[in-house]
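Alright, structures below, take your time with them.
What follows is chain A paired twice: with chain B in the first complex and chain C in the second.
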Partner chain A sequence: MAPPLSPPALRRLLLLVLSLLITSVAAENVEEFTEELLLRPLPDRKALAHFHFRSSAPPSAAPSRHHHHFPKAIAQLVHQFHIKELELSFTQGRWNYEQWGGYDPMSTNYAKPPGVELWATFDLPLGEIDATWKNLTHTLSGLFCASINFLESSTAFSSPRWGFKLNEGNLRYGALPREAVCTENLTPWLKLLPCRDKAGIASLLYRPSVYKGYYHSQKLKLASSKSFGIILDQTLTVVLQPDSVRGKQLHSADGQLQPSWSMKDLFNRKLSGKCLVSKSSRVFFEIEKNIVDKVDKSGTEASWTNEIFVLSSAPDRVLKEINNMDGHSSSICEYDVSNYNEDAPLDVGVTWKLPLIWSCTPAPYHANRFLMGSGNERGSISLSFISTNMHKQLFDVSNDCSIKAVVFQVVPWYVKGFLHIDEYPPDANQGFDIPSALVTFPEFNSSRSYPETDSLFVSPLLRTFKEDGVVKSYTEVLLVPLTTPDFSMPYNVITFTCTVLALYFGSLLNALRRRTGEEERELKKAGNPTMLICLPVYDAHISCVI
Partner chain B sequence: MASGRGGIPGPSRPCRLPLLFLPALLPLLVLLAFSFSPSSAVAAAASPGAMHNNNWAVLVCTSRFWFNYRHMANTLSLYRTVKRLGIPDERIILMLADDMACNPRNNYPAQVFNNENHQLNLYGDNVEVDYRGYEVTVENFLRVLTGRHESAVPRSKRLLSDEGSHILLYMTGHGGDEFLKFQDNEELQSHDLADAVKQMKEKHRFKELLIMVDTCQAATLFSQLHSPGVLAIGSSMKGENSYSHHLDSDIGVSVVDRFTFYTLAFFEKLNMYSNASLNSLFNSYNPSMLLSTAYYRMDLYERPLNEVIVR
Partner chain C sequence: MAIRHYWSMAAAAVVFRLVLVLFGGDLHLASRPEVSTPLTSIRRLAEGYWLKQASMSPYSGSMYHGSPLLLSVLGPLTKKRSIGHAHIYCSLIFVAVDFIAAMLIRATGHSLQMARNRSLKSLELTEAVVNISAGDIASLIYLWNPWAIVTCVGSCTSPIENLMVVIMIYGACSRLAPLAAFGYVMATHLSLYPAILIVPIILLLGFGPDTPPTKVFHLKFSRARKSDILDDDKSTISRDVPHFSWKPVFHFILWLLFWSCYVLLLSNIILNKVGSLQEMFIKTYGFVLTVTDLSPNIGVLWYFFAEVFDIFRSFFLIVFNMNILFMVLPLAIRLKHRPCFLAFVYTSIVAMLKSYPSVGDSALYLGLLGLFANELAEMQFTFFLFFGYIGVSLLSPVMHNLWIWRGTGNANFYFATGLAYTCLQTVLIVESVSSMIKHDRKLRLLVTP
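So, the complex of A and B:
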């Protein structure tokens, strides 16, 4: 028989077991928050900045759970409306597919149509989804200070089965092309972050810079399930023109240099530390594969400092894309913000030494949409596809010219009919907006994988790059001048009708009641030959004396 | 009342009571007569015993298009002032009929100024607009005031006031004799407004209501009000126009109206702890600077004019 454990040893063992149990339980039930920023120079002298914030809440049985930094408003939204997936984007500007690329994860996931776009899938029986959608649009309108409630009417949303995403009928999609996006939409979006815009990467958001850009899009993406809980991704994608003096230099021999810029030039401030509740906080600087290609051709290896450009400081890590069929791969320089603070802020930037011209990989076809003809009867909407020959380069298939493309567009019914007079917006003569069409190329995949160097932690941003994303393009929004009625006509009609009626009844009554010959007839009847003398009297009335 | 004919204070009648009681009765009569509001004896004074415990503000700009930038700047100036003096965003309903800050014509994106020196960015970093663009309609405005919304409307878009609330209602835009124009396509008439305020009073949605209107012929808009506890200020009288203050040649349009400019000049001197009174606000309006007569209607208001507007 083994000797029994002594009481202190037993106690210690018990404590050890208990602590292991607690940490394992705690590890599963912990809310996490990460923040990341990706910077990339664009070929047409602009700069792309992409902010990515991910907040995750573990699954819980009861909706009334205490939250630490996951926003309670979102958790309540998910539980109340039984949302499985939701994506809401506010965009101003058009993503320039010709210059900024159409074949990378950024343009596939974060290039959104102008205005507001909302789609959601629900975990409810199909009959209840429309009513839930209506309540959801109202709630989101109150939450984000936008007129999303206009998507409640059945003329504004649609339920595509396969055009947008494959689903079983529980998806609803709506877009408002003319919705303005301004600071009031960003304010509540920032309030969902644990550190708001006071600390961490979100403190870079200088509003005048953000709204002066060529394209800005803020997106909220929710995914919820019983197994992984709720994951909330908030992203803000901005394309800015760096304003620096250094950007206007001319190189002696080869033409104009690309503008050299840094975070201070883009946002008017530097990054002085991370959000303290974030699990990780990183800044990435992406060097695209076409740049890497050209730098390699010039002889040097494309690391953070080479003959053509140099980054402002040494990155903590450089990650090279893996599994690229093309041979050349993009690379990402990673900076960990926790190494920086107020005294030594982080200011990532690039200085160009030699001029370089490169282009971003486009989608297989450039899709454009425009109006032709005029008027309701002879007008039409045209969609044009211009091949970029990119697919031939990638797949080397010279004979096969056919590509599968899925086009999804929503055209309001009243383009071909008439609205009731009070359904017209106040400035109806401007025209009506038709939301962007979405063109998907299912055979092409834009994912990119990067090595995961840290086994305990994977960057959410790089994880989204790795996800299977089919190449998508949005076309332009159309402004259709429809025939509008003359809104002053009701007033005109009422005025004319009343005038005519007044004249008619007035003259009728006058004719019936007039007694012009009456007095003379009365007098004749009385038979008096004497004259009628009518004299004015002092108080100015005529009295007739017989 | 001792006359034995019911509680209505009528004109003095020849009474059979001994003269001894008259001096005692007279002050009682006088007291009772003054305690009834001029409108009706039955409606009586503001809800007895309701203490002032919260403040709300409803700020409405009814004009769209770029050349009406000054109306947006007026409303945003009041918004900023009201926030600075202590009312939180949850208690402010801001209705802006168009987007000026991120308008493509705005040279200064995300910034709205009310002065050509551009010192103060009214839009700031934390603005929250509740009703935007096409949502600013007469129907939505009246729904906000009366509280009769559809069930799906979220709380941030409702005026959740109660009988202890002091509410500031500020409207600006283009107006005329007994109307205010919304979005260039419909009108709010003065009797609609009076009716909405009457509903609010009956539902105990406010203790005191201050209406400020900055439009042409503003005073006519509240000529039909008859609910007690309402104080109304208009920027001009019937037949007078309200003018803009100055033109900003950089932005290209006028940036603020005179009435609001002087109102702001008064408020900028205050902070949350000041004890200024409405009386001093009224006295600060100089008709020659305003180029119109600021008119205020006090007959429905019971307290003398020495209270702080936002406290």
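So, the complex of A and C:
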């Protein structure tokens, strides 16, 4: 018979269980905020910076609970409109799928079409969704200082069942390609963060460098359910050209070096500490699969310092991608911001020693969209797919196989019609913008998984990389010229038409009513000599005919 | 006095159309807004037929706005396509339809001429006026009119509508009540506006074809009575004064009811599972009356309703539709002794003021104008009208091209040609009515010495 546990051991066990319970309960009821930054060099001498902020609020019955650092406006939005999922992105610039990749989780999730894109899933009966969508667009429009309210009319949004995401009819999708994005949209977006842009990773956002970039996209993603509460993901993806003098030196044999850059070059400042309410604050530097491949080929093992490049400081951890497809995997160097402060700021950067040319993995097909034809009578919208032979690398199939692609595009009905002048969009003479088409390849999966070393806490950014995501690409926005009437002419047109009709009406009635005999008799009585001359002329005409 | 080489000219016209249809290639006439309107376009008919084959209502999607009978007759033909001309079988049918219409116009001209000779003989004026075979002229105008040729070749259903109107007039002139009722019901069913032609049809059936005014007859016979000549001829002459006979009119109304029930029954059968009659009425007649489609055409209403302020839209709809109805009564009162001419005037008013006019409607009334070549011999402004029509038909495609294709012009250019065309038609209508009235007055003056 085994001896019972000694009282001290029992007490310790009880304490452990209790503390675990408390921490778990406390963890469930506590709002969390994490901030992360991912940096990556791009093949065409640019740098990608991706900011990821996640706020989560636990599930609660009362909508008006007190929030510590979860933005109250978002919680109220979710409760009022019964939102299950929402994604709103503001993008300026076009993601260059040829150079920056189309197959990794970054380009699948964070490459967005230019302008504003909004889609939302509601937890309501189907009949109420359109009215709720309208109110939602107005609320978001006020919250973010953008004209999202243009999406309220039924010509601007659509309700796809399977082209965009599989749903039961409670999804609404709308896009505004012409919406310009500026600091007025960024400021309310930053206001949703607990530290705003005063402390933490968001303090790196130097506006001139963000808006000088080639692509910037701020995204807000909401997911809400009764089991895990509300999770708010705010991401800002920027592609910048680092202007450093260090990278301009020419190497003799293999061409130009990639520019060496660091956070100071990109954002004009260094990171001097984390946001104090954040649970964790990290900076990641991603070394892509193809770079690792080339570094491995050159002999040395790819770590943070090797023959080809060296990072500015040693990372706290290096995570290698768990990959069973082929041998090569990307690696991520992790820096924990809590180790740095004002006196010893963090400045992550890379210095290139040898020139290196690599390419990012593209999507199976490059999709491009353009207009064809001439004039307004015989035009067409064409979608062209150019194969990148990527399937051969992945599947090693040499004969042609068929690849499934789902194309989702929204073309308003009135693009080729003639409308009343009130129904044209504003500035109709410029033309109409057709939003980007979305091409998905459902057979290809772009997820990447990294080892989870910390069992209590997983990085939200890496967790989004791990999620199953099908490969998606957005095509270009098209500008289609509309055949417009002359908008300045309503009064003139009404006047002209009514004049012509009055001419017809009056002349015909006059012709019917006229009694020429009476006229002649009246004129004879009046003794008008000229009319008397006309009468014999008329008689002479008759005699000629006879 | 018949036209020499009539049959060779008629045959040449048919051969010319056949050549254009078979060997002309794709002239892209179906996309010209002057030729095909939302009501008459065969492309839309093909789309409606496809929808019906896919078990959906042919009126869904606002493409097809015509009759279901046309859908089942012409629909299967639109399926067989060939290289070159898109709807070659339909165009061949339309060549035959045009030829039949021209022959019927000629026969109408003959019966008008016989009635005219009879009445002039009774008035003893046979030498006083011009006498050429108006039926031949009218049918040749109809066959050789470039607009009629373009309509026939250009994939639109206007030739069938014109044929129905001509059948109606021919049947009424020859006192064939079933034929007249058939033509009337079909013409009204295909396009709403020939409904106002019931007035001249009833007058034609009651009084007979065109005669000089009754006042002239009364003047003649009162004079004869005053001169105290008692002859046997007098009784025969007095019997020639036209009086209204109700029997053909009753026959006509009976046949009208029969044919309209038949047409509605056929439409119901064709639309059996896919649509309903109410939807058909809303999408055909409702579409015509409310001017829903604002694509440009040779009239003026498209631009008007694209630019009019919204609060006035229903007011102006009522005004424009009443404009057509308003002239029915005054014209009928003044021209009741000439019902065939009245039918011509109504046709030309409808062609001018309808919601979606096309050159096919003008081809009809220009052909009918030839029937009155004798009476309208002294019409003024013929030179201006002739070259005006030519000018409009040349300028209109140019202005359309400038607006839609090149973008160097704007919609006002095209609208201006539409306005000019409407003014020309106004001048034609007013002048023809005045010269007919003058002709009657001339007859009256000839009778009274």
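Quick note on the criterion: the second predicted complex is superposed on the first by the 460 of 546 C-alpha atoms of A that agree within 3 Å, B and C clash if a C-alpha of one lies under 4 Å from a C-alpha of the other, contacts with A are read in each partner's own complex, and residues count from 1 in each chain.
Simple rule for what comes next: contacts are C-beta pairs under 8 Å (C-beta built on N, C-alpha and C of every residue); 3 or more make two chains touch, one makes a residue touch a chain.
Treat the numbers as computed from the prediction; the structure is a model and nothing was measured.
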>> Looking at A:Phe150 after the superposition, I want to know if it touches chain B, chain C, both of them or none. Which is it: first, second, both, neither?
In response: first
> Which of the two partners, first being chain B and second being chain C, lies in contact with A:Ser141: first, second, both, or neither?
Replying inline: first
> Taking the superposition as given, does A:Leu508 touch the first partner, chain B, the second, chain C, both, or neither?
Replying inline: second
> So, A:Pro208: does it touch chain B (first), chain C (second), both, or neither?
Replying inline: first
> Taking the superposition as given, does A:Ser380 touch the first partner, chain B, the second, chain C, both, or neither?
Replying inline: neither
>> Contacts for A:Met489 in the overlay, against chain B (first) and chain C (second): which applies, first, second, both or neither?
In response: second
> Do chain B and chain C touch any of the same residues on chain A, and if so, which?
Replying inline: none
> Touching chain C in the complex: which residues of chain A?
Replying inline: 374-377, 417-422, 481, 483-486, 489-490, 493-494, 496-497, 500-501, 503-505, 507-509, 511-512, 514, 516-517, 541-542, 545-546
> For the complex, which residues does chain B have touching chain A?
Replying inline: 64, 99, 101-103, 108-111, 123-130, 132-135, 152-157, 183-186
> Any idea which chain C residues touch chain A in the complex?
Replying inline: 31, 127-130, 293-296, 300-310, 320, 323, 326-327, 330-331, 334, 352-353, 377-378, 403-407, 410-412, 415, 419, 422-423, 426, 429-430, 433-434, 437-438, 441-442, 445-446
>> Could you list, by residue number, the parts of chain A that touch chain B in their complex?
In response: 92, 134-135, 138-139, 141-143, 145-147, 149-150, 152, 179-184, 187-188, 197, 207-208, 210-212, 425-427, 487
